[in-house]
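Letters A, B, C, D, E, F, G, H, I and J name the chains as they come in the text, with residue numbers starting at 1 for each one.
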């Protein structure tokens, strides 16, 4: 089951660089693990913004929620979730 | 080069069914041709809305514009475009 | 799996009463069938508005979408969907 | 009498963990007491957000207000209240 | 129990004057009956707008809803309702 | 001459309790003096929010402004003012 | 007493030219009479928009309302009113 | 050439009073110099808000910009500018 | 003097093609005359939208207004104007 | 390929002047290098605001993103990007 998620990151401008880097390193590892597992299908950067559009493939709303609140950057993010379903014009078998 | 596009369709409630169906049939064919060519990478329905999120892979802003204004449903759509680029955490080679 | 749905109805003011009544009658029957089946868990009227908040319990985003686009009033509605999950403070076994 | 309430929580990112945990513990106990009493009928988490939709069953606007301002998280919440009433299509006796 | 209601009226510009006048005449009578009964405590015009702020004193959300949907102008109105309660600084016994 | 005013209070979460209490005590006295004088006709709490709707009866815009900027809570408030006038349906002599 | 008013005009695109011209001619005469009387102090066009900012000098909210609803273009306008008062930095005796 | 400017002032609540007073004193002098020169034609307070509407008469966009960024309160202001032109109904020779 | 203008075009979906084409042909000629004269410096299409961003170089607000209301598509446009001035970092002599 | 970018700068009011000046000096040098290279075609100040509209001419969304996140002021900016394409009425060969 697919979900469209927009994440906007807003780190405090006075956060020390080493703390910010540590959070970003953990965020990247967390994201890549989920990408490898197939749960986090796509992630794209919005040009010019510290934000991404992502597509998740999960079993339930609850699984999506657990993934999102587990993000190391979660306390600094504004997140908005849109449930998706197959489009009748789609020709891709996996865009369900 | 990838673009994220949201399309909201708003057909007049009094449009005769045969005219609406003709437009929708042409829209579907138009979309599927572009999906087969690789230009229209993804299309998902937003659950509960007459709207879609799509990902396009085109050579330029101009090519994207020509595709969108050629949509049979274009006169009845509100469209918003977001340019995308590769996310540094992405592990997919083609999400550029 | 639970979803929160807000529906705002906007019938044209010049729609003939018999047509409006026919749509509303079919809407009510459609809704009550889904309530009896357990798919449509709750429906409340917003005081002073032609709108409702509803809670759906479905298998997937796709099932929710099919239910919503099948509403006789769908062409006259603005719908917004929010996926829900269990709140850690909830004491109700079925509010999952 | 039923009310629909949306609560968005916004704890300062630099609040010490023990203070935050203490507030959350008291919040949970407060909420569960009210759920047991029947005043707080439902509480659902919005997937991906530190927010909830709740349904309250109270005697009056004043009782609702007293409950909400008594929330340990109240100083950190944005709250919006919608009065509900029975929907003519509802088949549940208690959704009044 | 008090409620604050904003009503914005939007009559079609091409509505024949006699129909509009008939609706307004019935609206006025309907409003004045409710004012006399004490249910509709206050009604004020917003300067420069075809809109009013009103204060209702009713037994329940349901009673408020029934009053509002019964307004002859209801199909042409946008209505927004806010539940009120006594302000701790109020010195008026009846502003509860 | 009547004015409708909405006030939303936003005290810093880290304001010491004694300072906050002192401001609130002075605010209450200030408000009640004006209520007794007839200038501040009504004040109602919005259920679930640290906000009020008030009705002022003043000689001029300037008098209203002086009253509002004199509020002890003024530096912490967002205020919006709407000039009112008599509604043609009103039956109350003093709702002018 | 001064008020700032923004008026946005929205004539139907299919209104016959002679009807539109008649309304505009009456609007101009109505406005100029009020300007000559001193009630309508200023009127400026917003560059590129069918809209104006105006300053009115009236005795009361009620007088302002009567002037605005009497505008021949009133049924086609969106109007928003802001009460003004003297700015402490003003050096003009009449900007009160 | 005339411009309509709205300025909303937002001083930090913890700014020491002497610093705030110094800025305000310089702001007032700066404004009154420009009023005397004829560049700053009008300034009105919005009732109940720490904000003003002003009318400037300048040679160019650049001159307006230089005046506005020179305001002692500029770092604490939100400013929005609207270019004006003569209204065809205006009877004042200087409202150009 | 430069102005940034956004124009959004909204032709009625039922406008006969020959009428629409006639307006568009006149619009194009009108625009190109102004481009040749140097008044209309730039015009760009927003990808995927029936809208443009334009830069005008005019003597005054009034000249800009006259140009914009003279557009054959003006009755079908939403227009928003922003006055520009030279950026201190600009290296182009003519971007004033 | 052209992009329209709006940048709003929001420096903390308590940033020491030498730090702010250092950032602005580097920002100016960075911008002027890109202007000389032809990547940053235009930059205009919005009159009265600490903001600019810019036009970039880049090879791809990715190149635009890299330029924008490299801005010394990036952490203090709100940026919004709009992809442009040639307008059919344009007579300038380079506005593509």
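The rule is simple: a residue touches a chain if its C-beta (ideal position, glycine included) is under 8 Å from a C-beta of that chain, and two chains touch if they have at least 3 such contacts.
All values reported here derive from a predicted model rather than from experimental measurement.
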item	value
Chain pair among H-I, F-H or H-J whose interface repeats that of A-C, sharing over half of the contact pairs by residue number	H-I
H-I or C-D, whichever has more C-beta pairs in contact	C-D
Rounded Å distance, chain D centre to chain J centre (Cα mean)	44
Rounded Å distance, chain A centre to chain D centre (Cα mean)	27
Distance between the centres, which are taken as Cα means, of chain I and chain A, whole angstrom	39
Whole-Å separation of chain centres (CA-atom averages), chain E against chain F	22
Two or more partner chains touched - positions in chain F	2-3, 45-48, 61-62, 64-65, 81-86
Touching chain combinations (by label order)	A-B, A-C, A-D, A-J, B-C, B-I, B-J, C-D, C-E, D-E, D-F, E-F, E-G, F-G, F-H, G-H, G-I, H-I, H-J, I-J
Residues of chain I that touch chain G when the two form their complex	3, 5, 12, 61-62, 64-65, 68-69, 75-76, 79-81
Chain H residues touching chain I - in the complex, by the definition given at the top	1-3, 60-62, 64-65, 81-86, 96
Chain I contact footprint on chain J (complex, rising order)	2, 4, 27-28, 31-32, 35-36, 42-48, 52-53, 55, 82-92, 95
Chain C-touching residues of chain B, taken from the complex the two chains share	13, 45-50
